[in-house]
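Input: structures, listed below.
One chain, chain A, links the two complexes that follow: it is found with chain B in the first and with chain C in the second.
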Partner chain A sequence: MGYALNFNLIWRHFDKLWGGLLLSLELAVISIAIGTVIGLVLAVWYVSAGRTVRAIIAAYVEFIRNVPLILLVYLVFYGLPTVVDLAYSAPTSFVLTLSVYSGAYLVEVFRSGLEAVPRGQLDAGKAIGLTPWQRLIHVRLPTMLRITLPALSNTFISLFKDTSIASVISVPELTFGAQWINFNTFRIVEVYLVTTAMYLVTGYILLFGLRLVERRFRAAR
Partner chain B sequence: MLSQILYALPFLAKGFALTLWVSLLVVVLSLIAGVTLGVGLVYGPTPLRWAVRIFSDTIRGIPILVLMFFVYYGLPAIGLHLPSFWAAVLALTLFKTAQVIEYLRGAVGSIPKGQSEAAMAIGLTFRQRLTYVIFPQAFRRFLPPWINGVTDAVKGSALVSLLGITDLMQAINQVIGRTYEAMPLYILGALIYFAVNYALSLASRRLERRFAFIRE
Partner chain C sequence: MSDASNASPALLDVRDVSKAFGTVEVLRSVSLQVKRGEVVTVIGPSGSGKTTLLRCVNFLESYDSGSIRIDGKEVGYREAGTRQRRSERDLASMRAETGMVFQSFNLFPHLTAAGNIMLGLTKVRGKSQAEARQAAEHWLGRVGLAHKADSLPAELSGGQQQRVGIARAVAMEPKILLLDEITSALDPELVGEVLAVVRSLAEDGMTMLMVTHEMAFARDASSRIVFMADGGVSAVGPPKEILAAETSNERLRTFLARFRASHF
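This part shows the complex of A and B:
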């Protein structure tokens, strides 16, 4: 016991953590954006598709959700380039992985949202003469979004935390920065205290922001 | 290629056994700790309630990987020397405990207040109320998300590979290090994890359907 806290070395290398946090956010935002597109397209497709397409989409979702993210990260970074002629940097590889990964989780979120849209709303849309496309854009998607927002916020924050896995392929994000300081200064307790605080504060800011969005949309109901 | 993988199979099986062992330990230990702290969160005095709330929100707010490094590298720094296996199990258990606390809170919270009041009216003690009235009902709501969460424990256990513990993930990486057959081995690993977790999530879904008759 008798561990004396000394944060001086942490502040001296704080750029590693701060730059890492910014990269974590960047990875999260890009991956979530791509994942949202994947999730929306596949969810809309799923609810109107035939059996075969449904089975394929379900297979994608179930496969990704039941395999550890770290294995997928290794598979894309070390495995994929051995069978296809592709070269990409570690960050690109991670964004690719997290996009496909978040896509699978978001399909589920959007699908259950779409199925929760009351039938009467769609009938009403039909009654006032909207085309199927208009019904989707003006009736189904907005209602679905309102229903799914709480689940969506949770998924987004959880995906932000998942960016820490990028450290295993040496992407210099926040967790990697923390490890660097851990191994180079041995101020172990301090660096993880600061890193924990940075993840917590960022997570809660994200949560607070998303709750504001939720409240705005709930008021529009 | 196939012969190399066949040759490596016993080694992979050993790693897989360790993955299951870690997952089982984490699931059992976190169930005990989580239910205890969860009861503390729902029924405990205010300071205990706050302590559990802060514990749960902090743990769930950080990546599991950071928690793992914190425990693994941090404990020896303050003079606590755990073998790396137990440090990894401890970190994963802390994480899972926070989840179990929330499942329990949700399950107990979904039982109407009248049940508790009725039990009090017929003179049951606190312990009796929990054992005979609250838990049997809350159990049905607790079980499906909890089983679903077991898949998280199995997936999370893959992170122990980063602490040099030879679980399935690490075994795969080591075989790749010798054979350079990255893709087939990662796919094999993915299929093994998938098989275990998919079976668990099917079980969870079946239970959910079985208990679907319960009304609010």
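This part shows the complex of A and C:
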């Protein structure tokens, strides 16, 4: 083998990777936060709504789940501004896309959780005289959260990794930083080894944190 | 506001209530009254409509015709006969006047024993956290679980969970307590501790309507027993009369004979 690993050039440009990772996390956190609001509102609406609303929400979920994220990113960044009079930066465009995308996945997670809350608990809430809104806030949502936490963690980690797609519209997140270093140093093996390790470690830390939250919810109040 | 002089003397007044699930008639013109301080037990074979009747009393189930009044006030509908459902807000405040204990306990799993009791006291009765906590501790003491106030339901035995269920219901100071086969999901050795709590509530004058398969308990604790069969009331009377082996009611005789055969 004639190839000798040399990480020096990677360390010289490490700020591209580190800054990229921070931006990846920022994109993920904002998108997931917005997506969680979309998911919660639509899921609660879905389980209490009539046929028409259910069909519309289901159509949204199906559309998103059957179109590749990369295509949605192109559509929103290149397509949408040509149709409507909108101007936004690449990161904003990506956050918009990933929010709508994660919303669809989270609707499914929350909806199945809401439907899994045992009917007896809702009966108990009714029997002590809670109003529908109080039953939602104090009985249904807390139980739903406990049921969905493991699935929720998986979805969050998955969405964090999806931020790498932002590189295709030149958002300088982690994968984009890796590409930049590769183009400028030709150290393809080294740069992707380091980048992979960075995704891996970040993913593990996120997972560890989420599992801690899960355990807390399971054990204490 | 309420015109007590016009109202019937019964605290709970069920009149001609009928209900069908599709083509299956689960309640056929059921009438029954429970006076203040009375303990009325409903017995009957499974599928006879006992649980459905209980669930109609606090409107967890709607019914097709007839009227159910508590303290003279129509429960689920704006007026008898109109079939116009009360608003959800109205229903909630009506339901707060009845307590219910369930076969499967149905405690809120994310709240401690005290938390389960405090939820209704703070959100429905408007008590402060401190007042609610005090009431919760008082009622947990009454059911013998003062030391379990901060335990989660998952950390309690079935019998303990059910006693919390009872405390949660009575802490709301309901006018009537509905008990739906509350010992059916318990291991035999845990039944006694739950029934002891019910007995002490009865001695304190709590009005109760219960569905049970514990015949010995029904005989000892009830003022009256209602025997239901095929969705209708087949016999009503004092325990001695209803549980007598030589009753002339053939359905009741068959039920009791079958019951004795399977329990002794």
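Note that the second predicted complex is superposed on the first by the 218 of 221 C-alpha atoms of A that agree within 3 Å, B and C clash if a C-alpha of one lies under 4 Å from a C-alpha of the other, contacts with A are read in each partner's own complex, and residues count from 1 in each chain.
Convention: a contact is a pair of C-beta atoms (placed from the backbone, for glycine too) under 8 Å apart; a residue touches a chain by one contact, two chains touch by 3 or more.
Computed from a prediction, not measured in an experiment: that's the story for all the values here.
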item	value
Partner chain in contact with A:69 - chain B first, chain C second, else both or neither	first
Chain B versus chain C as contact partner of A:178, first or second or both or neither	first
Contacts of A:196 with chain B and chain C, given as first, second, both or neither	first
First (chain B), second (chain C), both or neither touched by A:142	second
Which of chain B and chain C A:50 touches, first, second, both or neither	neither
Greater residue coverage of chain A in the superposed arrangement, chain B or chain C	B
Touched partner set for A:130, first chain B, second chain C, both or neither	second
Contacts of A:162 with chain B and chain C, given as first, second, both or neither	first
First, second, both or neither for A:80, with chain B first and chain C second	first
List of chain B residues in touch with chain A within their complex	58, 61-66, 69-70, 73-74, 77-79, 151, 154-156, 158-159, 161-162, 169, 172-173, 176, 180, 182-183, 185-187, 189-190, 193-194, 197-198, 201
Chain B contact footprint on chain A (complex, rising order)	1-3, 62-63, 65-72, 74-75, 78-80, 82-83, 161-165, 167-168, 175, 178-179, 182, 186, 188-189, 192, 195-196, 199-200, 203-204
Of chain C, residues touching chain A in the complex	58, 60, 88-89, 91-100, 102, 104, 106-112, 115, 119-120, 123-124, 152, 168-169, 172
Parts of chain A lying in touch with chain C, wherever the complex brings them together	118, 120-121, 123-132, 134, 138-139, 142-143, 146, 217, 221
